[in-house]
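The first chain written gets the first letter, and so on, giving A, B, C, D, E and F; residue counts start at 1 in each chain.
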């Protein structure tokens, strides 16, 4: 089977803006960090499936720091793109900014590196296209992503650890 | 009070991609048209508040045709921008495209013109900045929006009609 | 195959009252117009399936004006019935009234004409029973519905228009 | 303060039809009994507030038997009305029927007697209008409701029992 | 077929703590009683399936008294275990306590006896393992459960009653 | 002001079991990793507020590996307890196990270290009680938690990094 052609990073770009409603928040109006991560995962899923043209599952989330609180009524922007691609796994970089409806400009909420794996209907990994790197920045991010992926393999705690 | 400076159309642009999940659909996997309209309203709200820097309420939806069905698992893209601005009311143009995760390219689901009104905390209309039109296309859309707004005023059914 | 017997309008009548909860609203307690439309679509779906005894999809929403705001805690009443029936398509008329729990009487929020189409499991249109018109009012509404349906066919914007 | 005029049973009548969606069901498509009870409580709340013109809280649910399963895609009908009114408490009778979209007629799912109490903003009981009984059937139901209320008072388990 | 070995009560124990969010409550911040019952049903379902190793459906809820209101922001604790087991039916005892995040200790909200029935994929009852009673308390609860089950059979209203 | 008495680890223990429903999953029945993280955050919030007796916000999530997929219908168990406490910040350790309703035993899905900070109504950090360590294991976990907290401070990427 001939190898699938490499796919540019732009194919995987996905941007979501979402208005935070009372469902997302605790009783003081603070949006739950976990609600933000749930949206991060969904946009990472969209980004990875756009590249892989296959169903994907989440393998890991790298550490996420919340730099700024999010409140009910804020408009939150999630921007995702692939940085690194292995055989079946992909690293998705997601940046999260929040902005009050009445202005003040966007604040960085946090960023995340999500590892997604393309799977067949039985949940077994399937190969994904290579990433066609087109700018120096994309090449640098790919190299950093490759280093993080190696670190994840080394650091991956054994079950129960 | 000096008039607020005009705001470019780009300020109001908002783009949302959203993965359709079983909650959005009926028991055969068809996403409800009303669920699409609910998302259209939210992105129109974001677009209008970005221009108005004030809370907004929905005044009307023009007719919406659904050109193509949407299924659970599709990624749906909503793109909004202002076309016309009156004293307190704004016309938001929202286009909706859908794409299966496994490819096939985006299909047009429909488009909508949503009229939003900026309001104060008591729900009374407040003035919004003018729209700074920068291209010929933006001027054409503004003029068409103005005509639609006049038509809406004429056609607005009296309560109970 | 002998034609199915005509079905009276009363078969398609559906009434929903729903309490608006914080999930339905933005951070100032205003219920989203799109949330109202989402409920309108669901009651129209129920109304159409009661007539068609088949799965239905939404083909279009005519223009909807919001005459009155809806707040968290309001009880909203949705009343649907068929006005016109073509070969596979049905026009559902939905009226929406809102009432504060503590009284004040119902206010008209808006009304909508929703076009639903009966479909088979592959999404292809299937014929629906004729409407058995029993009162002068039902005949007038049917005729008006027929005219609106013709207008929709003429006015249906080509994709991308 | 002169006593508030008695309010007819019809004021408290509330009818809800609701389409069961995947969110309401377990993974085999069976709608959770608790989801039905949650809807019963909401329609009972609407019924009680229509009579009391005050906020209400749920004091108890009498035993509920589920006579028939409910599936995703069924249209479920909830009909509520007051049967008995004490000083601050009201008994709401709710009947639940389910019908497949494709026909077969409604099946009784169950019925419930819900006791609601009208409360002020501090949660303290407030008096409600008397019930204006207009038919023999309403008088019979009132009397049965009164007997059930006495039984509830006797049978109410002490906390921890 | 040899009989399945009896299963201890501890196998069916299930404990859920859940933070009440605005979605669960009405506009004054009171959590709906029906929302509590919906959670009671889910934990009873988990408890019953742990014993039966089969899918289960809810057959009935005994009367539930709400001893104490629940507010948005409260942490509510649901504890379930089997008390009695028949051929296919199981009685699950669920206790509900609520606690404000800022302390004050847990308050009893209520308790429920839920009857669940193990079913095959066609919804027909299937036998479940016997309950291995290990303490005097478990034996007493089993006997009380047996008496309640007999009462339910006698008291079960005919459909439409 | 005299220092608050130290609080034992057991006070912060919180256990949640939750049935995964179609809302939590994508169209192939795989529960979203982000949905799991959202639940992890809620149980961590409960655990931290039980210790702090104050409102808390999420400061960070350490890396999370998903060892095993979760499906609709699985019962997922979340167990949380505090491991380390600073002046205002707390480290919560959450373990996640999943079990199919029909048996097979629990599988480790993953574990997370969530840093929560106690805040006043203006979102400013407030001090929390010390942790009363009672076993050797608790002391070891505290020490490891302290090391991780130092590492987080060093590794915390500057905004935009």
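Please note the rule applied: a residue touches a chain if its C-beta (ideal position, glycine included) is under 8 Å from a C-beta of that chain, and two chains touch if they have at least 3 such contacts.
Fair warning: this is a prediction, and the values are worked out from it, not measured in the lab.
Participant: Find out how few touching-chain steps suffice to connect chain B with chain E.
Facilitator: Between chain B and chain E, the shortest chain-hopping route counts 2.
Participant: Looking only at C-beta pairs that count as contacts, which pair of chains has more of them, C-E or A-F?
Facilitator: Answer to which pair has more contacts is A-F.
Participant: In terms of residue-numbered contact pairs, which of A-B, B-D or D-E coincides with B-F for over half of them?
Facilitator: Match found for B-F within A-B, B-D or D-E: B-D.
Participant: Shared numbers divided by all numbers used: is that above or below half for chain B and chain D, i.e. same or different?
Facilitator: Interface between chain B and chain D is built from largely different residues.
Participant: Computing the C-alpha centre of each chain, which chain sits at the greatest distance from chain F?
Facilitator: Farthest chain from chain F, going by C-alpha centroids: C.
Participant: Using Cα averages as centroids, what's the distance between chain B and chain C in whole Å?
Facilitator: 21
Participant: Could you tell me the distance, in whole angstrom, between the mean C-alpha positions of chain D and chain F?
Facilitator: Inter-chain centre distance comes to 39 Å.
Participant: How far is the middle of chain C from the middle of chain F, if each middle is the mean of its Cα atoms, in Å?
Facilitator: 46
Participant: Give me the residue numbers in chain C that touch at least two other chains, ranges are fine.
Facilitator: In chain C, the residues touching two or more other chains are 19, 22-23, 26, 28, 42, 45, 55.
Participant: If you go through all the chains, which pairs of them touch?
Facilitator: A-B, A-C, A-E, A-F, B-C, B-D, B-F, C-D, C-E, D-E, D-F, E-F
Participant: Quick one: which bits of chain A touch chain B in the complex? Just the residue numbers, please.
Facilitator: Those residues of chain A that touch chain B are 14-19, 42-43, 45-46, 49-50, 53-55, 75, 101-103.
Participant: Which positions of chain C touch chain B when the two form their complex?
Facilitator: Residue list for chain C touching chain B: 26, 28, 30, 32-35, 37-42, 45, 55, 57-67, 69, 108, 111, 121, 123, 152, 155-157, 159-160.
Participant: Using the touch definition from the top, list the residues of chain F that touch chain D in their complex.
Facilitator: Interface residues on chain F, with respect to chain D: 19, 21-23, 29, 72-73.
Participant: Can you list the residues on chain D that touch chain F in the complex?
Facilitator: Touching chain F from chain D are residues 22-23, 25-28.
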